[in-house]
Amino acid sequence: MSDNSFGRLFRVTTWGESHGPAIGCVVDGCPPRLKLSEEDIQPWLDRRRPGQSRFTTQRREPDTVRILSGVFEGMTTGTPISLMIENTDQRSKDYGDIARRYRPGHADIAYDMKYGHRDYRGGGRSSARETAMRVAAGAVARVVLRQLFGEELSIRAALVSIGDKSINRTHWDWSETERNPLWCPDPAIVEEWQSLLDGVRKAGSSIGAVVEVVAENVPAGLGAPLYGKLDGDLASALMGINGVKGVEIGDGFAVSRLRGEENADPIRPGPVFEANHAGGILGGISTGQPVVARFAIKPTSSILTPVPSITSAGDAVDVMTKGRHDPCIGIRAVPVAEAMMACVLADHALRHRGQCG
Amino acid sequence: MSDNSFGRLFRVTTWGESHGPAIGCVVDGCPPRLKLSEEDIQPWLDRRRPGQSRFTTQRREPDTVRILSGVFEGMTTGTPISLMIENTDQRSKDYGDIARRYRPGHADIAYDMKYGHRDYRGGGRSSARETAMRVAAGAVARVVLRQLFGEELSIRAALVSIGDKSINRTHWDWSETERNPLWCPDPAIVEEWQSLLDGVRKAGSSIGAVVEVVAENVPAGLGAPLYGKLDGDLASALMGINGVKGVEIGDGFAVSRLRGEENADPIRPGPVFEANHAGGILGGISTGQPVVARFAIKPTSSILTPVPSITSAGDAVDVMTKGRHDPCIGIRAVPVAEAMMACVLADHALRHRGQCG
Amino acid sequence: MSDNSFGRLFRVTTWGESHGPAIGCVVDGCPPRLKLSEEDIQPWLDRRRPGQSRFTTQRREPDTVRILSGVFEGMTTGTPISLMIENTDQRSKDYGDIARRYRPGHADIAYDMKYGHRDYRGGGRSSARETAMRVAAGAVARVVLRQLFGEELSIRAALVSIGDKSINRTHWDWSETERNPLWCPDPAIVEEWQSLLDGVRKAGSSIGAVVEVVAENVPAGLGAPLYGKLDGDLASALMGINGVKGVEIGDGFAVSRLRGEENADPIRPGPVFEANHAGGILGGISTGQPVVARFAIKPTSSILTPVPSITSAGDAVDVMTKGRHDPCIGIRAVPVAEAMMACVLADHALRHRGQCG
Amino acid sequence: MSDNSFGRLFRVTTWGESHGPAIGCVVDGCPPRLKLSEEDIQPWLDRRRPGQSRFTTQRREPDTVRILSGVFEGMTTGTPISLMIENTDQRSKDYGDIARRYRPGHADIAYDMKYGHRDYRGGGRSSARETAMRVAAGAVARVVLRQLFGEELSIRAALVSIGDKSINRTHWDWSETERNPLWCPDPAIVEEWQSLLDGVRKAGSSIGAVVEVVAENVPAGLGAPLYGKLDGDLASALMGINGVKGVEIGDGFAVSRLRGEENADPIRPGPVFEANHAGGILGGISTGQPVVARFAIKPTSSILTPVPSITSAGDAVDVMTKGRHDPCIGIRAVPVAEAMMACVLADHALRHRGQCG
C-alpha cells in the first residue's frame, strides 16, 4: 500500500498537482472484457466539474479524460488502465504570496513540515482537483459493479445539510438531486439553501455541510473481519476526501444516545430487515440492506476574512484568500462520495470473489 | 494488506476466536533494540480486562500475555513479535441456541451470509475479545513511540458521553479517568453515569456512548497524501472497533454547521496554533497540535428484550441474549481506542522516517 | 507486505526462533468451508522432520502442530488460521561461543549489522527451523488447491543433483522419491549419493545440491503481468529458502545457450504443447503445462573445518561448527519446495478468481 | 501489492502497451527535496533505446520522457512522480495475422487463456517496450541512492555470455562495456560475439544470453528476514524481465557442486570478506560486499523459422515472426537489469531507514 493508492484488488493510484501539466490515475486489477470507453467516464466528470453554477469555483476546464492503456477495441484487457486529464486552466499568475504565506487551515504548513518543499500553486497535490481522478476511477468501478451485480445496484449521494439547515428526510426525492445545482434531495429547502449560499459567497465566507451516500442492492457478504471491514474501508475512503472531518455509517453518532431496544434492527424471514440503524453493515460485512454513509465537510478555510498566520520564514502575517473559490465545498464532494463508494464496493466485490468464490 | 492485519511498517496481524484455545497477534516491523518484556504489555491488558466493575461483562480471565518470539535477552530483535493469550474462561455450555439463531444487530448473520460457516461460540472472531490483542499490540507501539519521541508523547482516551449525558468539558481532568471505573474525565458526572448504568443493567438493556482519544506532543509531519492520510488511517482503525458507527477528527461533525471564520485555526509564530478545530491534522499530516479523535459506539444489541429474528434455517424466532454482557460497551472501548491510536502513530512514525529520514 | 509475510490473498505470516518457546504462522485469506484438521498438516511436517535418516540433523522433535484458530467443527471459517509448534528440543547449552563469534557464511553478521542485536541460539530467526511453518502453511494451501482444482493437481519435488552427481532424467520415477531418504527420483544413483554423503558427513564437510519442484495439472491463467508474474513470485519464494543461491524455471539457465529454434515450444490444437522449455509459464502466466522450477542450494557453512572469522568485537578468530548439522541441506529443502509451490499457486488461484471470476 | 507495481516504500507502478498512445509509470514514495529533472532520466533511456546498433530491433523512437507530477522547481516534493513516454513509432500496419495466431513461446496464448482478450499489437502489455519505464524508474532510484549513500555506490551490468560463448572473467573491464554495442566487459570476445550475432540475425534466428549486474558500495543491513529478503526481491525483480528463465546470486548454481570448505567466505577484521561466493547477501541481508546477481535470458521466440502453433480458434497453423526484432534480447536487458537493481536497493534502503533508523 503506497500513500497515493487505495484498494487491494481494484487498486487506484492517483498522481498530479493542481497546476502541473496533468493529473491522472492508474486503475489496476480491473476485470477483463468489460466494455469501457471515455464515454463511460466523461459524464461522471462532467457532473463533478466546477463552474457549473454560481455555487462552485469558477475554474473552467473541460476536464477531458483520456484512456491511455488497458482498453483495446473498446474492452478492458485486465491490464492497468491509465487515465489522464490535462490541466488547461493554469492561469499564468504570480503565486509569490501563497508561496511564502501559509493559509491557515490548509495543508500548506503541514506539507512543508513534512517534506520541506511543496508545490504551492493552487494547493498542489492537496488541491481538490485531485478528486477528478477519484471520480474517473469511480466511473470504472461502476462498470465493474454493473457487470457483477447488474443495473439494480445503485450508488447515489446527496447534500443533507448546509450549516444548520438540514433537509426534511420525509421529503427525500432522489430525482430532485439531479434537478438543482446543490444535489439537494428535498425540493422544499433548495431555495433557502441557495439564499444562504449567496449570502456566504457575497460575504467572502464559507460554510460546512453534510453529505450522505447510499448504495442500494449491494449483495450481502462484502467486507471482512477485522481490518478489512467494509465500514472501516469506507471510513478511510470518505475521511480522505478534502475537508472531511467526520464519517458515520447508518445512524452514526445518533446511536450513542440510544438504548439497545431503540437501536435494534429486527430480522424477518427473507431475510428482511425492519430497520437499518446499522447502515447495511454488521461486523464489517454487508447484509444486503442499503449501505448508508454520511460525512461532515468543513467550511473551506479559503475566505476573504484575514486570519493570522505566518510566513514560511516564521513571521506573523495576515492571510486572506482571494480569487475563485467555493462557498461550500460540500457541493463538489457529492460526486466524489459516490465515486469512493463505488471504488470501495468494487474492490470488496473482487476480494470476496477471490476468497469465497 | 490482508483482512486481519493493519499497519504498513509497524504491522499487526491478529488471530483467534472468543472461545478457541487462545488469541494472539504478530507484530512485524518493530524496530530492534527496544527494551520489551511481558511487564510492558500486561498492565495495559489489565486496564482493559473486563469484570473489574459491575459495569463490564463478568467474564473473568487473567488475560496473561506471553511473548513467544522477537525478543531476546529483554530486547526486541527486529523480527516478528508473537503475542498470545490463552482463553481460560470458556465455560462449558450448550451453544445450541446461539448456533441456530441470529442475534439481531450482531455479526452472526453477516458471517453466515459471507462464509456459510462460523464459530458461533461467544461471537467467535467477531467477539470484542479480539480487542485484547489490539491492546497488547498498542503496548508495543507505545514502546516504539517512547523511544522515538520520548516520554512527552502521551495517548489517553476518555468516555465523553453516555446516552444523552455528556461531560462538561470545562471540568476535564485526565487524572480523574483513572479514578473511576467509567474512564470519565469529569468528576461531577460520574455518579449520574453510574446511576444511569445501574438502571440500564437492571433493565437488561444497553446504552450508547462516545469515546475521545487524544495524543499530545505528536511531532509534525506524520501522515501522507492522499490515501495514506493520518486521519484516514485513524478513521479506519477506530471504525473497526466493535460497535463503532461514527468517527470524527477535531471538531468533527460540528464543523458542518460552522462558517469559515468560526472554524479558522489562526497560526502564530512558533508555530503556535490558537485553536485546534482541525484536531492536529491538516491535509492528512500532523501539525504538532494534539491529535484528537472521537467515535460513537452503539448500545450493544445483546439485551434481555426479545427482538424478532430468524433461525439459520430462515424461520421466525424471537431472540434475547442471556448471560454476561456489558450495559455500555463504550467503557471497554476506551483502552482499545488508545491502543489503536498508538499503533497508527507508530506506523506513521516509521513510514515518515523511511521516506523523509 | 511485511517482511515476514508472503502471498496476497492466501497470505502467510510466520514467526518464531529456533530456540524460543515456539514457532508459528498465521494463514489469512483461506477460503471458508474447507475440511481441515491437524491430520491434514501433520503428515507433511512428518515428511520434513529432521533426524529421520543419518543424512539430516539429529535434532529430534515431534513437531506437533496445533490449530489455534480459524477452524470450527472441522471446517475453515474464512478467518485467520493460527498454527503453532512448540519447541521441545532446546538443549540446555552454553551458546557463549556462537554468541560472540560470527559463523562465516551464516546470517549472524548480517543480522548484527542490520539490527545490532540478534537471537544467536541455533541461528534464531534465520534457522531452517522456520521452514516447518512453510510446510504447515503449504499443507493448508494443498487443501485449498484440492478444493479448487481436484485431486489431479499434484505438487512434487525431488533432489536432482548432489555435488556434481546428477540424476539420469530418463530414470525419473516419482514413486522412488518416497522410498529413499534423499528424495531421489533415480533409483540407480541412490547408493552412490549415500556413499558420497557418508563421506561428506564423516569429513565434517557439507555439499551443495539442486532441487526440482513440479506442479502438474495446474490450470492455465494463473499469474499476471508484470510484477505479479507466477514465475516472479516463485523465484522470490524459492530464493527465500535458506541457502538457496539460484532459481530457474523450465529449462532455466540452459536456454541461454540455445537458438530460438531449439528453444521453441510448438503448440498443437488442444492446446497441446510439444515441449515445455518454458516450464509451464509464458509472460508470467500458467499455460496448463507442468510448472517446473529448480533451485541450487549451497553446502551449509556449518562445517568442522576452521574458517577465519571475527568476533562481535571485531577480532580475528577461527570458527568451526560443532554439534548436529546436515551434510546436505538440500535434502530437507525438498518438502519446503513443495510447500512454497503450493502456497504460491493457492495465492494466484484466489487472485485469479478475484480478478477474472 | 497490485500486479503492475513493485517495491514497498519506493513503489513503482507501470502502465501502457507497446502500440497504445503512451507508456508510463508512477513512482510513489520518493523522498522529497531531491534534485530531479528529465535530464536525470533521459540519458538512461537513451542507453536502453533500441535501434542503436544492428544488433537490436530497428524500432526507432526518441523515447522522450516527461515528468508530469511530483517535481516542483527542480526538486522532488515527496508526492507521486508520474513519468510518461509517448509512443511515436506505431507503424500503421495490419495486425490481422498476429491477432489470430498465437506466436509459440510468446505470452499471446497465456494472456488469452487468462483474460480472454488482449491487445495483440506488438505484444501489447507483454512487450519489452514496458521496460523503458523500468529504466526511467531506475533513474529516479539512482538519484535516491546517490543522496543516501553518495557517489561511491555504483550499479553496473554486463553481458557475460551469448549462447555458449562466455567472457573470460580475468579480462573484465567495466569501461569496455560502454565502448561496444553489446555491453561486453571482455574486449577480447567482442568481435567473436558480433560475428556470432550477425550469423544469427541473417539466419532469422535468435540466441540466449546471460547478464550480470553488480552493485558496489552498498551499505550493510539492507534486506530483511524472511520474506523481505534482498535476494528474494532481486530474484523476483530480475525474473520479471521479459524472457528471463533463471536468476542467481553470487556463485549461484555453481555452489550446488561445491563442498562447504570451497564455498566458504572467510571474514577478516574490518570486516573484510576474502571471497564473495555469497554475492554480498547473507540471510537475505546485505553485508557490504558487492551485490552480484546474474540471469539467463532465452533466445526470443520471434524467429523466421516457422513453428507449429494454433489460431485463436484452435486450428493448426505455422507461425513465423517477420519484421523488426532482436537477435539477442539479452543486449537490451542490460540497462533494465541495472534499473531493477537500483529500484530494489532504493526500496530496501528506505525500508531499512524506516525500521532501523
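Which chain is which? They are A, B, C and D, in the order written, and residues in each are numbered from 1.
Throughout what follows, a residue touches a chain if its C-beta (ideal position, glycine included) is under 8 Å from a C-beta of that chain, and two chains touch if they have at least 3 such contacts.
This is a predicted model, so every value here is computed, not measured.
Where touching is counted per the definition, the chains common to subunit A and subunit B are C, D.
Taking the mean of C-alpha positions as each chain's centre, the chain lying farthest from the centre of subunit C is A. The distance from the centre of subunit C to the centre of subunit D, each centre being the mean of the chain's C-alpha atoms, comes to 26 Å. For the pair subunit B and subunit C, the distance between mean C-alpha positions equals 39 Å. Separation between the centroids of subunit A and subunit C, computed from CA atoms only, is 46 Å. The residues of subunit D that reach two or more other chains are 2-5, 8, 14, 29, 32, 78-79, 111, 114-115, 125, 224-225, 356, listed in rising order.
Every residue of subunit D that touches subunit B in the complex is listed here, in rising order: 8-9, 29, 31-32, 78-79, 224-225, 350-351, 353-357. Only residues 2-5, 11, 13-17, 20-24, 26, 28-29, 32-33, 66, 68-70, 72-73, 75-82, 111, 114-119, 121, 124-125 of subunit C touch subunit B when the two sit together in their complex. The touching residues of subunit D, counted against subunit C in their complex, run 1-6, 8, 14, 102, 104-111, 113-115, 125-126, 130, 161, 163-164, 200, 205-210, 220-229, 231-240, 245-271, 274, 277-279, 281-288, 296-303, 305, 307-310, 314-316, 330, 352, 356.
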